[in-house]
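Chain naming follows the written order as A, B, C and D, and within any one chain the residues start at number 1.
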Amino acid sequence: MALLQTENLLAFYGDFQALFGVDITLAEAEIIAIIGANGSGKTTLMRSISGLLGNFSNMVRFGTIPIGDWSADKIMGLGVAMVPEGRKLFPSLSVEENLLIGTYGRKTNGYWKLDTVFELFPILRERRNNPSTTLSGGQQQMVAIGRALMSNPRVLLCDEISLGLAPIVVKDIYKAVPAIKAAGASLIIVEQDIGQAMAVADRVYCMMEGRVTLSGTPNNLSRAEIHNAYFGAVA
Amino acid sequence: MILSLKNVSKSFGALTVADDVTLDVPHGQALGVIGPNGAGKSTLFNLITGNMRADHGSIYFEGCDVTTASPMERCLAGIGRSFQIPQPFEKLTVFENLVVAATNGRNLTEAAVLDDCAEILQRTELLGRANILAGRLSLLERKRLELSRAMATQPKLLLLDEIAGGLTEGECKALIQTIRDIHLQGVTIIWIEHVLYALTSFVEQLAVLNFGKIISVGSPEQIMASKEVQEIYLGIEV
Amino acid sequence: MSYKVQTSTRTSKIAAIFGAFFLIFLIFLPIFAGRSMIQDLFTILTMLVLAQFWNLLAGYGGLVSIGQQAFVGIGAYTLFAVVILGGVDPVPAIFFAGIGALIIAIPTAFLAFRLNGAYFAIGTWVIADVVRLLVAQWKSLGGGTGTSLPREATKDIWMVNSIEVLLDVKSSAARDILAYWLALILAVTTVGGIYWLLRTRRGLALAAVRDNFEAAKSVGVDVMRMKWTVFLVSAFGTGVTGGLIYMQKARISPDAAFNVTDWTAYVIFIVVIGGIGTIEGPIIGVLIFYALQSMLADFGSWYLMTLGVMAIVIMLLAPRGLWGLLSERTGLQIFPVQRRLVSLKSLKR
Amino acid sequence: MIWVDTIAQGILLGGLYALFAAGLSLVFGIMRLVNLAHGDLIVMGAYLILVLVTFLGLPPFLAVLIAMPIMFALGWSLQKFILNRTLGNDVLPPLLVTFGLSIILQNVLLESFSADSQRLPTDVLTTASIDVGPISLGVMPLLAFASAIFVIVGLNQLFYKTSLGRAFRATSDDPVTASLMGIKPANIFATATGIAMIVVIIASLYLGLRSNFDPNIGPARLIYAFEAVIIGGLGSLWGTLLGGVIIGVAQTVGAAINPEWQILTGHLAFLSVLLFRPRGLFPRAND
């Protein structure tokens, strides 16, 4: 039984269709990566799973529970936490307050607490009382991930972690992924940085124009296949 | 030189979104701008259109300093733009969208702009939809309307922001043909785009942007071949 | 292939014909109508004009003001000042009422435009209160208790005795008929004027600003000039109406002339219930307002409560008001504004 | 010497106006919503206390404690079932709905309590005054000023020290991302309005004790509250207190010169601040 899965998932913005029947599955303690060009529907998929975008109830399933039409706050309560695209920290909250607000809808006494998050991202401990706006892009990304971890989610959705970050910073952040997986979370990583995504994922889905065009394990997918699935027409 | 940016920079708190950008665009050129998400491409546009004010540096359009000019003044000066997410006047018809742009952008009466607007609609294949409320258009039609409305102000410089995004291959090819016609009329074009094949088949020069800096500028062939672009853009270890 | 723009529709042509006949009927109405009917029609027409100007400001300009009573009051007091202190005949003084309101509107706009949204609304209310308090200090016009138009001024108002002779009515009835005709002229010019404005490029730009502020700026629309034009035009029109209303009443006091309920609350309900952002809306709204007033007149505050409840229900369930509902279902347009592009070739076939 | 007394009375009056304004400032800070019926809700609160005092024979200071949960429930449901539906980027609906609400409240009160003015029963405590050097300060205005300070400190503690306060600020910054944290924005807004109504009932108490009230004085109270909030800078509670004091002092000084000028000088003080500091004295950073 998959931990989380989508079945023939459709999504619309008004009369514009963004997803044309997407099926993905996430098993317990697994990391899947979803790659694709801008506008291929990756973020729409994440918004549908997290409840920001309403769908038909059985299009998204958490274990046996159909959650397609649940609101975001209810889905979060189940243990599906999201690191939104563009980080979306709360400007009027300090770093520590941004982390604490992550537990608002789901109180747990699991592994992740303030201390363990500060161990994962030591730089945040000294900046804990600063307003989040004074942090660099990479540090803000760490707070966004920490905020999602604070609710000890069973599924962690990461939307474009590498957005606007220098490659060395992205590598630094991805170093935390094994620790997150070890603490019991399964991850869905949406990524533009294909190399980084392939390095950590157990399975990869490639999306183009609202459809899954390719899926498999990283080592049995050739670069040419990915290039086509990513760009469609050859330049 | 129709447009030149001199050491333009902009930052929000610790986040620099434009870092000492210097760029010169000669009359009539078609320049493409690429770079990963969050590289500062839209910021660059907003600095040129006046929606964002540069912290330092200056921007010249046709030789005069527009660094502090408002979006409206820059439009009247000849800078036309399309939005990344189409922003039509939803409760007005397609034709009325163009009339607003033409009468205000060129400061003329409705009668004077009637034929020009109809002609633009024909060129962008929206003539059949002229009397439809813009709110009911499909994504491709909304993008065509963005383009037509910008054209209605008869700009000398046209800024296109990911106008090919989310379109199918066929739709994209048709749109490129329309943009090519506009360019042939002597309109300078700066085009931000992710759909690489759309850009490389049209633009004369390509600029690569990352972390708010212009990394390199060159012909499409040079840029696409360069190791650097492959690595930061596609992320594949080359 | 050249093109033509069409705006009128079949229904609007029919409506125009009906409108013309109805107007002629209204012009000759005083010949057979009773005095109370004339006074009621005067109220309906003046409230309609106030509603149209508030609708121009809020419905089209997006500027929700709760201070238009300032211009009604200033208009009325300018008329009284010009008549009492300047000895001018009350009818031409109505024009000065508009000028007075316009002069006050300039500093008001300068201050109020520094605030936006809900704060603009309350800002206009504060400024109206300041103007009321200042006028209450104007001793030569009766200060806080108010004053009346002097006998000799109201005795030979322009045209009044010719009406007396023509319709052989008493002079007070003749004054009501003159006021009614003036209100009719004012209503027709207002509705006609706003409709004309909406069909010019300024009107289209106004609709664009209301639809998408950012996009309008990016295609060269001068948003500040729009706001100023709309604000000054409605201030002038509201001032003229205030002058006419109090010329007919011939009695004035600051609390009455600057009353929030009479000149702003009722007007807002008329526009909202009728249909904000349309010309037809206030017309329907003023008729409903009058019907409710005559039905519930002797229930005092129940009347206002009903108006309040109706406004809330309509704002929540049908924000485009009763006319909005009607025109959505039937596509009916009495004052069509939409420009349709029609190619001459297809017309010839 | 009378100037010192006038200014002291003005400062204390400012405390009452800050109480009027605190609820308005709280709701605006979180939802960018201005409730035009705010003044009428204060007057309704005074009538509620009057009813509790007359029918349950309680002293006003006890009656207000019973009125608090009632007002919280009223505010909560008003926001949840009516005002939440008007939120959005169009400024018209909230304005017109709360304007309609203001007219309804005034007329419901007129029907139920008639138009003649009322006053909450005062006893020896509320009419006493203390001599501080040359000037004598009424106990009631002092209590009102102290309550204003207490309310502002309390709200700031709630806002910056509690998890509910964090939820308020997060929802105000970005309601969509707040829902990803398990927050229900609709309920947060309802709770905020509920708390604002508790501040309103405290203001009603002092309004009812300090002067006569009748169903039609709501709008004037809204204007003073609004002026205090604007002078103080949007969403800053301490700024609201200073704004209230500036309006209070301007009014008492104006009244001392000529009784008819009390309200006028208050307005002129407001307009002059508006002229030179359009975003108020303490504009919030990211407003």
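Note that in this section a residue touches a chain if its C-beta (ideal position, glycine included) is under 8 Å from a C-beta of that chain, and two chains touch if they have at least 3 such contacts.
Predicted, not measured: the structure shown is a model, and the values here were computed from it.
Minimum number of contact steps separating chain A from chain C: 2. With contact taken as defined at the outset, there is no chain that touches chain B as well as chain C. The chain with its Cα centre farthest from the Cα centre of chain B is D.
Inter-chain centre distance (chain A to chain D, centres taken as mean C-alpha positions): 44 Å. Rounded to whole angstrom units, the spacing between the C-alpha centres of chain C and chain D is 34. Centre-to-centre, using mean CA coordinates, chain B is 49 Å away from chain D.
Shown here, the protein chains touch around one cycle, each chain meeting exactly two partners.
The list of touching chain pairs reads A-B, A-D, B-C, C-D.
Taken together, the chain A residues at the contact with chain D in this complex read 50-52, 71-73, 76-77, 81-82, 84, 88, 90-93, 97, 100-102, 104-106, 147, 151. Touching chain D in their complex are the following residues of chain C: 58, 62, 64, 66, 111, 114-119, 121-123, 125-127, 129-130, 133-134, 136-137, 144, 260-261, 265, 268-269, 272, 276, 300-302, 304-305, 307-309, 311-312, 315-316, 319.
Within the complex, the chain B residues that touch chain C are 49, 51, 70-72, 75-76, 81, 83, 87-93, 95-96, 99-101, 103-107, 109-110, 114-115, 117-118, 121, 130-131, 149-150, 152-153.
Taken together, the chain D residues at the contact with chain A in this complex read 163, 166-167, 169-170, 172-174, 176-184, 286. The touching residues of chain C, when paired with chain B in their complex, are 1-3, 5, 200-201, 204-205, 207-208, 211-212, 214-223, 338-341, 343.
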